[in-house]
Amino acid sequence: MSVRVAVLGAAGYTGGEVLRLLLGHPAVEVVQATSGQFAGKRLDFPHPHLRGVGTLRYTPHDALESCDVLVSCLPQGELLLRWQKVCRLAERVVDLSADFRLDAAGHSRWYGKHPRPDDVPAFVYGLPEWMGEALTNARHVAIPGCMAHAGLLALLPLLHAGLARPDVLVVDAKTGSSGGGSTPDRSSHHPERANALRCYKPVGHRHTGELEGVAEHVTGQKPTIHFSATAVPGVRGILATVHAFAARPVEEAEVVRAIATRYREKPFVRLLRPSASLSPFPEPGPLLGTNHCDLAVDVDAERGRIVVNAAIDNLVKGAAGTAVHALNLMLGRPETEGLGFRGLHPL
Amino acid sequence: MSVRVAVLGAAGYTGGEVLRLLLGHPAVEVVQATSGQFAGKRLDFPHPHLRGVGTLRYTPHDALESCDVLVSCLPQGELLLRWQKVCRLAERVVDLSADFRLDAAGHSRWYGKHPRPDDVPAFVYGLPEWMGEALTNARHVAIPGCMAHAGLLALLPLLHAGLARPDVLVVDAKTGSSGGGSTPDRSSHHPERANALRCYKPVGHRHTGELEGVAEHVTGQKPTIHFSATAVPGVRGILATVHAFAARPVEEAEVVRAIATRYREKPFVRLLRPSASLSPFPEPGPLLGTNHCDLAVDVDAERGRIVVNAAIDNLVKGAAGTAVHALNLMLGRPETEGLGFRGLHPL
Amino acid sequence: MSVRVAVLGAAGYTGGEVLRLLLGHPAVEVVQATSGQFAGKRLDFPHPHLRGVGTLRYTPHDALESCDVLVSCLPQGELLLRWQKVCRLAERVVDLSADFRLDAAGHSRWYGKHPRPDDVPAFVYGLPEWMGEALTNARHVAIPGCMAHAGLLALLPLLHAGLARPDVLVVDAKTGSSGGGSTPDRSSHHPERANALRCYKPVGHRHTGELEGVAEHVTGQKPTIHFSATAVPGVRGILATVHAFAARPVEEAEVVRAIATRYREKPFVRLLRPSASLSPFPEPGPLLGTNHCDLAVDVDAERGRIVVNAAIDNLVKGAAGTAVHALNLMLGRPETEGLGFRGLHPL
Amino acid sequence: MSVRVAVLGAAGYTGGEVLRLLLGHPAVEVVQATSGQFAGKRLDFPHPHLRGVGTLRYTPHDALESCDVLVSCLPQGELLLRWQKVCRLAERVVDLSADFRLDAAGHSRWYGKHPRPDDVPAFVYGLPEWMGEALTNARHVAIPGCMAHAGLLALLPLLHAGLARPDVLVVDAKTGSSGGGSTPDRSSHHPERANALRCYKPVGHRHTGELEGVAEHVTGQKPTIHFSATAVPGVRGILATVHAFAARPVEEAEVVRAIATRYREKPFVRLLRPSASLSPFPEPGPLLGTNHCDLAVDVDAERGRIVVNAAIDNLVKGAAGTAVHALNLMLGRPETEGLGFRGLHPL
């Protein structure tokens, strides 16, 4: 018997990927999908990759009915505003926005004054490789920000193993354009964006709060994380380069071992070994459409630097895929169910 | 019980896609994969999208053993040279090169003197939407050239229905770089190819023979097809624009009806209706990785022109996907088995 | 003593290129530039390539003062509305929109009812290689549409020399995104446009009127021109592929000779000889920023087809560069003055 | 009377840009250009942007004759091998390779054993904004590596003013493909490179030696510079992001002032002010073809991080343009002579 899932705000880019994955998920039935702009249209109207997917039509957000699981792809701030009504309609909620990622203090710091600090429940931070058990029992999950997600997968094992100094960690993230969503503006206008190579948020990016908060939660240490985001050409994909500094003299092999051990049982995180591939570097290309994160480690022993690179598809591992991964964990399904696509190359 | 399939020349781009599709095919077991360059390496060594796919290793081409079906992705000319040996090893052969697409006379005309005109069997031309029954019973299938394939899907219904003049058909095909294969040269060097927009084969392209030959075979008319190929930026995807001229005054609705009728039962060809999508034009983007061909029709009644645009992924519908489609037909399996991936958007 | 030039609507993409060229033109002084959106800002505010260009600031369109030459980059329809006022402010006017390209009947046919058919002067069509003398004496010049421009340079010599049948000429134009201007919308949103390969105007494109009208004007024949426009990845550049059909049996050498002869004295049109370059195909890349048009000819004698490919930078040869070229002719200056940039490669 | 300049190895990408700039330089005559592969061909044969540039032909490297200034674009190692012969043919030499950037010890460390440590002269490091006077009197100049160049322009003012800690400086450089030169290989094969986003040299990059050596030379401090290089889509352009850490509490305004003061008289370095432009971030796009470097500064006072981003065209400011700039300084010409191109936007 299928789990009945509704998708709020399903007409945007993460919504389209959530629909793609759920429509192919053997244990799930998509019972409702909402859209402000496209209410009344078929699901595939704004999603050309879903052509012919069936006869379901978008309803307005306010027409949401009760379901087993609600997946929300609403823009930042929108679910918070609707929370009192929405929380009664679904046993479980997975939110892909930033509305519930931080506690009320953190939220106020990075996103502006929290509208209702007292009456929202604690959401579990949906980073499956590090929050596994908490997710298994969660009713409410907040999916990480895409760049924070890649950065955390790279830096947490270093902090956790005590290999890196927590007081100076640099996360230099490079991102395609789809993370900005489906609403046009000047910076996403093709002639302005096509060959962009610009560090659009050198300091002060909101994901800093998420990175520092989760790193502290996981390691018990209060780290200082320096985050910058750079727009690069391309639509999908993130590469997060973590520059960490060795807490004590280390060899590359030791760092490799620590990371490999940490992710050994994790089906979606792969530590690349240079000799195993003609394409030994983590890069988003062959990961697009998949829920994988590829990692690689390099150490400059002379200068005491550890570099970890993490590549993901921002719309899948960085959003919709992790939502489905979390849903699998919450429902006691196999972790990889519905997430078996292998990727394409070349692309 | 699985069908045992071997893939000859599996380390190139079409080989990588054939492996991806067959490794996910429920009725197939990949028992062998050959590579001249990578013999001894694991399957995923040259294919980053297949990381972790298992422990099978490439063998040299000459180590090919017997199997149920052989899929050959060898470069043009290579299978012909090995034919006497290879044909004894497999009951069925699907070839993705041009070696068996044309009869001996056609082959000599477009590819140089045929090395052994007398001792090769007739291959069925693997265009499933038009050769359905012949494919069902075929032992040997030649997969169409990728640009010819897109062009034929667009123009055959016009000729078949008598809507277009057969004496002047223009096929203006635009293609990404992956059709050129995985071997570097100056024209594929990234700085030279990245922003290429060049008609590299205005006349004399080899696919002309295939287009004219198949159109004659299907319609009984000897048409004149004018083919040009233009390199555009991008890695995957073909858009073939057919400029046809009405054999008699026609309205757009009549042409739409003729094409829609022709492909009604064909699961991989979709005639787009403009009102059904925010993205009403056939384009490769949302088709990448899938076996779909999207079509659209436009008529300039005043000037008597019919334009049909056809978009495909050159490595899937234009190569590996059609090989699997043909294999499904040959083996009496469901047409779409192993070909269910829906595509990604945006990409 | 410099010619005093004002630029109307100078904040868009063609305006930016007109400014770049005029600010480097030895015989010109830019005395005014107007913008609705950026009035009060410095010229380089919307134009990062003009950083540091000086202290001139945009004025509102209505603050236009008298000048020697007015170059208008206003969007289609805007100059027509202002014509009664504007025409008194400048001795000479060069317009880059479609407002004055067609006669009133043609305008009504392709652009909707002409607002004032009786009180606008005839503009000379600014195609310098074919209208040379008329331009020299012109007071009012309408710069051709960018795709029509490339198509005409390719097809006019064939018609003029009687080599091509006038009743069936196909112009298949491929274009980057910058021709669509600087205003964002969904189709220009980077994730939707980056890998676009779509024939967005298979029939009914407005440039058809321009192509047929000018071809008739130049040759005295009433041709039928079949035009389609395809969006390809990339920001700048147009490749127009003309498929023409030989009026009588011809060899390639004869067609080459006819075109070479026609453009021998024309500094901006180059007929490429394949043996002279590692990059023998016309393509926009090495032309970007320049006023050149590169042409190549290929003949399929067996099938009677003549293919002429024409590549230009849509914002320079297809807009701003031709405006400066026309201005040079009108003012009796050397044709190439201010247009000496050679282009970049690779790009 | 013109300065007679010969270009060694003029058929590659930096050679093509050196030719473009020198052919347009009013004080220079290009008297010879050499190429191993294209000897006997005209200059424009491998350079489509130089079509029609004249009748000069390439000679073999060994046919080099005496000249006033020799500009060498030979690949790394080649000029060193020819030095004894070449140094007698020209009064002045500008080298664009790494052969003379480091002293013999540094060279052996990063490039392998120096072939002749005793008999080569000291070259001046050609970083005009920091070596001005030494360059004015130089006979031999070594042009900086392109990524080192961008990194140094960003970090030297911080070190020089004592604002940044010298013991931990991270330079995260993003680069297009043209820096890899014109010789095809697998990593530059278009399908592999087009959407690349890979940190191909996380540690151990040779430019580290240059960065640390020059920083020590300029500041007298021995800094530790952590350099990583990431390949991003696109052909031209580098963005170097310097993550520095404040030596003492600083405000953004103070850092801005220090950098602005340092480069006030430098015509090619521009510190962007966010309010002055719709495009406030340094990015290579509008700089392509120009000799500019655009910089921006951001400070996270809370965490003590200073970020400086530097954008250049790797083939101009990062190679050929600086060669011409150095040549102007050596010859006592105006600094900007022959380097006046303003750039294009959008591109």
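Going by the order they are written in, the chains are A, B, C and D; count residues from 1 in each one.
The working rule: a contact is a pair of C-beta atoms (placed from the backbone, for glycine too) under 8 Å apart; a residue touches a chain by one contact, two chains touch by 3 or more.
Small disclaimer: the values here were computed from a predicted structure and weren't measured.
Counting C-beta pairs in contact, which chain pair has more, A-B or A-D?
More contacting C-beta pairs are found at A-D.
Could you pull out the chain whose C-alpha mean position is farthest off from that of chain B?
Here the answer is chain D, farthest from chain B.
Roughly how far is chain B from chain D, going centre to centre by Cα mean, in whole Å?
Taking the average C-alpha coordinate of chain B and of chain D, the gap between them is 46 Å.
Calculate how many whole Å lie between the centre of chain A and the centre of chain D, each centre taken as the average of the chain's C-alpha atoms.
38
Would you pick out the residues of chain D that each touch at least 2 other chains?
In chain D, the residues touching two or more other chains are 13, 178, 186, 191, 194-195, 233-235, 278-279, 285, 346-347.
Which positions of chain A touch chain D when the two form their complex?
Contact set of chain A toward chain D: 168, 170, 172, 174, 176, 186, 191-192, 194-200, 202-204, 224, 226, 228, 230, 232-234, 237, 239, 241, 243, 245, 278-279, 281-285, 296, 298-300, 303, 305, 307, 309, 311, 346-347.
Which residues of chain B touch chain D in their complex?
Residues in contact with chain D: 13, 177-178, 182-186, 188-191, 193-195, 233-235.
Within the complex, which stretch of chain B touches chain A?
13, 16-17, 20, 23-24, 42, 44-53, 178, 235-236, 270, 272, 276-279, 285-286, 288-289, 292, 294, 340-347
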